[in-house]
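Listed after this line are the structures, all set down as structure tokens.
Next come two complexes, and both contain chain A; in the first it sits with chain B, in the second with chain C.
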Partner chain A sequence: MSNIIEIKKLRKVYGDGVELLALDDVDLTIKEGEVLAIVGPSGSGKSTLLNMIGLLDTPSDGEIWLKGQNITKASPKERARLRNKELGFIFQYHHLLPEFDAVENVMMPLLIAGMDKKEARHRAITLLEEVGLGDRLHNRPNQLSGGQNQRVAVARALAGHPSIVIGDEPTGNLDSKSSDMIYELLRKLNRQMNQTFILVTHDMDMAEKTDRILRLVDGRIVCEMRRDGDGFVSQDVCRQNE
Partner chain B sequence: MRPGVPEKVDPLLELFVAMKHIRTRKRQTALAVGAVGLAVAIIIVFRAVMNGSIEIFFDLIFELAPHVLVLPKEGEEYIYLYKTLIEFIWTIPGVAAVSPTLSTTATLSFEDEVENVELTGGIPAEMNRVMSLEKYMIEGDFYAISSGRRAILGEGVAEKLDVKIGEDVVASFPDAKTMNLVVAGVFRTGIEEWDGAAYVSLNTAQEFLGEGDVINYINIHLDDPYQADVVAEEISALGYDADSWRTLFPEFEESLAFETFSNNLILALVLLIASFGIANVMNMLVLEKTREVGMLMAMGTSQSQIRRIFLIESGILGLAGGTAGSLFGYLVSTYLHSLQITVTNPSAPQAIVIKFLVDPFDLIAFPLLAMALSIIAGVYPAHKASKLDPVIALRG
Partner chain C sequence: MFELSIAERHILGNPRMVLFTVLSVALAVGVIVVLIGLTEGYRQNLIDNTVENSPHVTVDPKLDEDYIYLYRTLTSIAEERPEVLAASSRLVGRAAAKYKDNVEGVTFIGADPVQEDLLLRVREDMIWGDYYDLRFKRYAAVVGDKLAENLELKRGDDFRLVRQNASIQVKAVGIIDTRTGLDSTLVYLPLETAQILLGDGDVVTEMGIRLSDIYAAPAVAADLNERTRYKAESWQDKSRDILDQLETQQVYSILFYILIAIIAGFGIANTMIMIITRRTKEIGILMAMGADRISIMKIFVLESVILGPPSALLGGGLAFVAAKFIGTIEVPAEIYISDKMTVILELDTFLYVAVFALVVNFIAGIYPAYKASRLNPVEAIATE
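Right after this comes the complex of A and B.
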């Protein structure tokens, strides 16, 4: 399995006067086909780490490699291109464009990539059928339930065949039934297409269904657990910090 | 990384998003289109009135003033061989009237009143064609001056001398004979300078002056007054001092140019204010769309694409408003023109019908100008949107 993401000694410092260390010497490697969960208390740096991996934010120090390419210092234009081509995003709030129907929302990353409209529409419809919304193609976000909108968001994240899909509390705004449905959908896509996912979550039920759990406290990875059969095995780093 | 691959400049995405905003945000769209539309409609109607009044003004000028004025050769006081000259002038295409004239200053007196006037003699029919005097008669008959020693007086002169039709005034001047003239009529043009004049036949004027069969200028009217420069040049070639109305009265066009400029300045401000309306709508749009801009950026929309979305949207709103306003302004102008609204001025002899003349050029130019101004108005909001930090924008 090849490495999709390699993070080396990543640091992020916020603020001009009072400095806030959001990430402190984080090392992390994510392999193709993994489903990874990042957990930790609020303000532990989970979202900051996710924004770094998602090329939405830039580190103060350290390096980020995407598929063997150092993208730490990529230009805004190049980062935009990589986000479009290599990354998919699912947020806590679906962030669908309210004026556009489900198909058009899913088409959006493809249109940004410059794909022909007809081709993009075809791909969007296939994906919406995949996530079980084949009968909701032309509904706008305000005509769909929270769970349905989040499924549209999943379809949109997958539209451009990204190397990695990033979920920032993807089920944080849903009831438990819809949450389970979304997770099962992500798992299914992971198995079918070997799609890599990295998920930030508060929901330990969901985290414990992933392949690997990272626990972040005060900007440091304090615990890393890997799935081993039905249970999890703590790594060395976990014991050291506990 | 694929260095050297040119960025795709297909505006499909930008247009798609912009049009969606325009179509779904109906109230904001109506507001922006309405503001620009109203401004453009006002401009179209206002300029139609301007064009109309310019035409009325020039019609009046061209009716009363010479299109080409021919004066004697340099160093000569009179045009001696005027009959040959008139024959030549008639051969120039487009000449509508040629009025040989002998004009001199004279002192008119009646009982105790004395008034210095410009006493002008001409062939009544030709004189009428170049000055439309018959139309301005308020008393008596213009053609009565054709025979005998008769004169028609401007209203100003008649009032000052306190003279009535049929009474005799005495014309005199140091170098001229004293002559009795019967008042045959009174005219009023509404132009003070002209209402202080007196007209007689060419023979009467020549007798009064005693210089023989001479004239001192020729007043020419043309079918198309804008050909005056060409005609004046042809006559000048013979050695006469011929000038077009443009040279004779430069102030007409100068004052017109000034007025047109100041009017256009006001109209530019109207359009500018309307484009502030667009700027406002775009600003609100960007504020409202912060999270969606963040999401578009997360999906890989570049800063320049974000900027273009909002610029295209401004431009479309401006063009739509401009086109609607242009059409509306045209309809309003046409309607107002058809009403034949008249204004009366106490000093003018006739009521003036207000004309609304729409220049077709305006109908195309102003929507385009509105579009350009709207795009400029959208620059700041578009720039603001493109500079959003996606992390902060997504947080809402």
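Right after this comes the complex of A and C.
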């Protein structure tokens, strides 16, 4: 399995007056096909780390490598291009465009990439059928349940065959049944397509279903656990921080 | 182009905002087109009025004289020019008209009815009676309709005209409506009768000349000035002040129109800022999906530009309706040169104003669109 993401000594400092150290020398490598959960208390830097990986924000120091390329200093235009081509996002609230139906929402990243409309529509329909919404193609978000909307968001995140799908509390707004459904869907896609997922979550039940858990506290990785059969094994960093 | 799809959906999804934006521009376009039309209408009315209701060339007495004595000679000289259709020698003066207990100040015009009719088409304005009757009846008069009303004069009534020591009795043989302010003071008399009233002999106070080509008036006036010592003026000379004033007013008016458009532009910019504020999260999501800054700008510039043409068309429609309505309003002749205000709507005017409005629309949308494109995606997505 190749490295999809490599993060080297990543730092992020916010604020001009009172400075806030959101990420403190974080090193991280993520391989293709991994399902990784990032957990930690509020303010631990989970979302900041996700925003760095997702190229939505730029680090104060350190390096980010995507598929072997250093993209730390990429221009805003280049970052937009990479977000479109290599990344997919699933947010806590679906954030679908309200004036567009399910198919059109899933088509949107493909149209931004300049794909032909017919081809984009075909791809969108295929994905929506894959996530079990083949009978809801022309419903707008206000005509779908929370779980259904989140499934549309998953399909949209996958539309451009991204290298990584990033989920920031993807089931945070859903009931347990819908949450399970979403997680099962992500797992299925991971197995079928070797899709890499990075999920920030407060839900430890969900975290424990992934392959790898990173725990962040005060901007640092304080513990990493990797799946071993039905359980997890703590890595060295956990013992150092006990 | 996905930006266009998004802009179109934004518009369709927000009818109230759209209506407000469209109305601002439409009102600006409508108001400007009507104002330009009114000014142009006034100018046209002025020229028409001058050309139709006034002589094209007026000849006044020599500088040191009160009257034109040799008016027959002057008429021959004027008629030598091929453009001259009519040369009417006129005696114009002020008197009092009395009928029963009513007294009104009048302006009497004594002239040969045939020449005067060729000059000003008097017979066309007659409501009843025939102006030509003044050829054969010495003590006959044609009276303005408002004057007749004020004096309570009816067909065939005799009334008196009094001027200083002179007093004559005349019969009202016709009523005239020139649709100007003159109708409340005008009395037409045969030339000889007016001369009796004046009491200064066989003289006239002016000559009015009608031409086949109104634009030959300055040349004809110059010729008469040179060949006689009488003071000849073209209608352009007489209207010069007003036409110059209209030109100057045009400059100030243009500044005013620009101001109206700018105010409408601010309204649009304000609406666009509100729309963008409401869609901040959506902008963040689009950026997360890979839309770059240019695309974000394009979406919102397109939103303001798409609304331009329908706004301009609606403005044109409003101008058309307003023009029709204004044209039905009766205006007192004392405050306007005609009894109805004319609004001249020209396609050129509408197109210039519409293009200007579209440019204002575009400029008004640029700053809000630029601000939207500079949003930080993380902050935008996190917006409540």
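Rule of thumb we're sticking to: the second predicted complex is superposed on the first by the 242 of 242 C-alpha atoms of A that agree within 3 Å, B and C clash if a C-alpha of one lies under 4 Å from a C-alpha of the other, contacts with A are read in each partner's own complex, and residues count from 1 in each chain.
Basically, contacts are C-beta pairs under 8 Å (C-beta built on N, C-alpha and C of every residue); 3 or more make two chains touch, one makes a residue touch a chain.
Keep in mind that this is a model prediction, so the values were computed, not measured.
After superposition on chain A, the partners chain B and chain C collide with one another. In the superposition on chain A, A:Ala80 contacts both chain B and chain C. By the document's definition of touching, neither partner reaches A:Trp65: not chain B, not chain C. Contacts of A:Pro109 after superposition on the shared chain: both chain B and chain C are touched.
In the superposition on chain A, chain A positions 51, 54, 56-57, 76-77, 80-85, 89, 91, 95, 97-100, 104, 108-109, 111-113, 156 are in contact with chain B in one complex as well as with chain C in the other. Interface of chain A with chain C (complex): residues 51, 54, 56-57, 76-77, 80-85, 89, 91, 95, 97-100, 104, 108-109, 111-113, 156, 160. Only residues 2, 5-6, 9-10, 12-13, 281-282, 285-293, 295, 376-378, 381 of chain C touch chain A when the two sit together in their complex. For chain A in complex with chain B, the touching residues are 51, 54, 56-57, 69, 76-78, 80-85, 87, 89, 91, 93, 95-100, 104, 108-109, 111-114, 117, 156.
Against chain A, in their complex, chain B makes its touches with residues 1, 7-8, 10, 12-13, 16-17, 20-21, 23-25, 291-292, 294-303, 305, 390-391, 394, 396.
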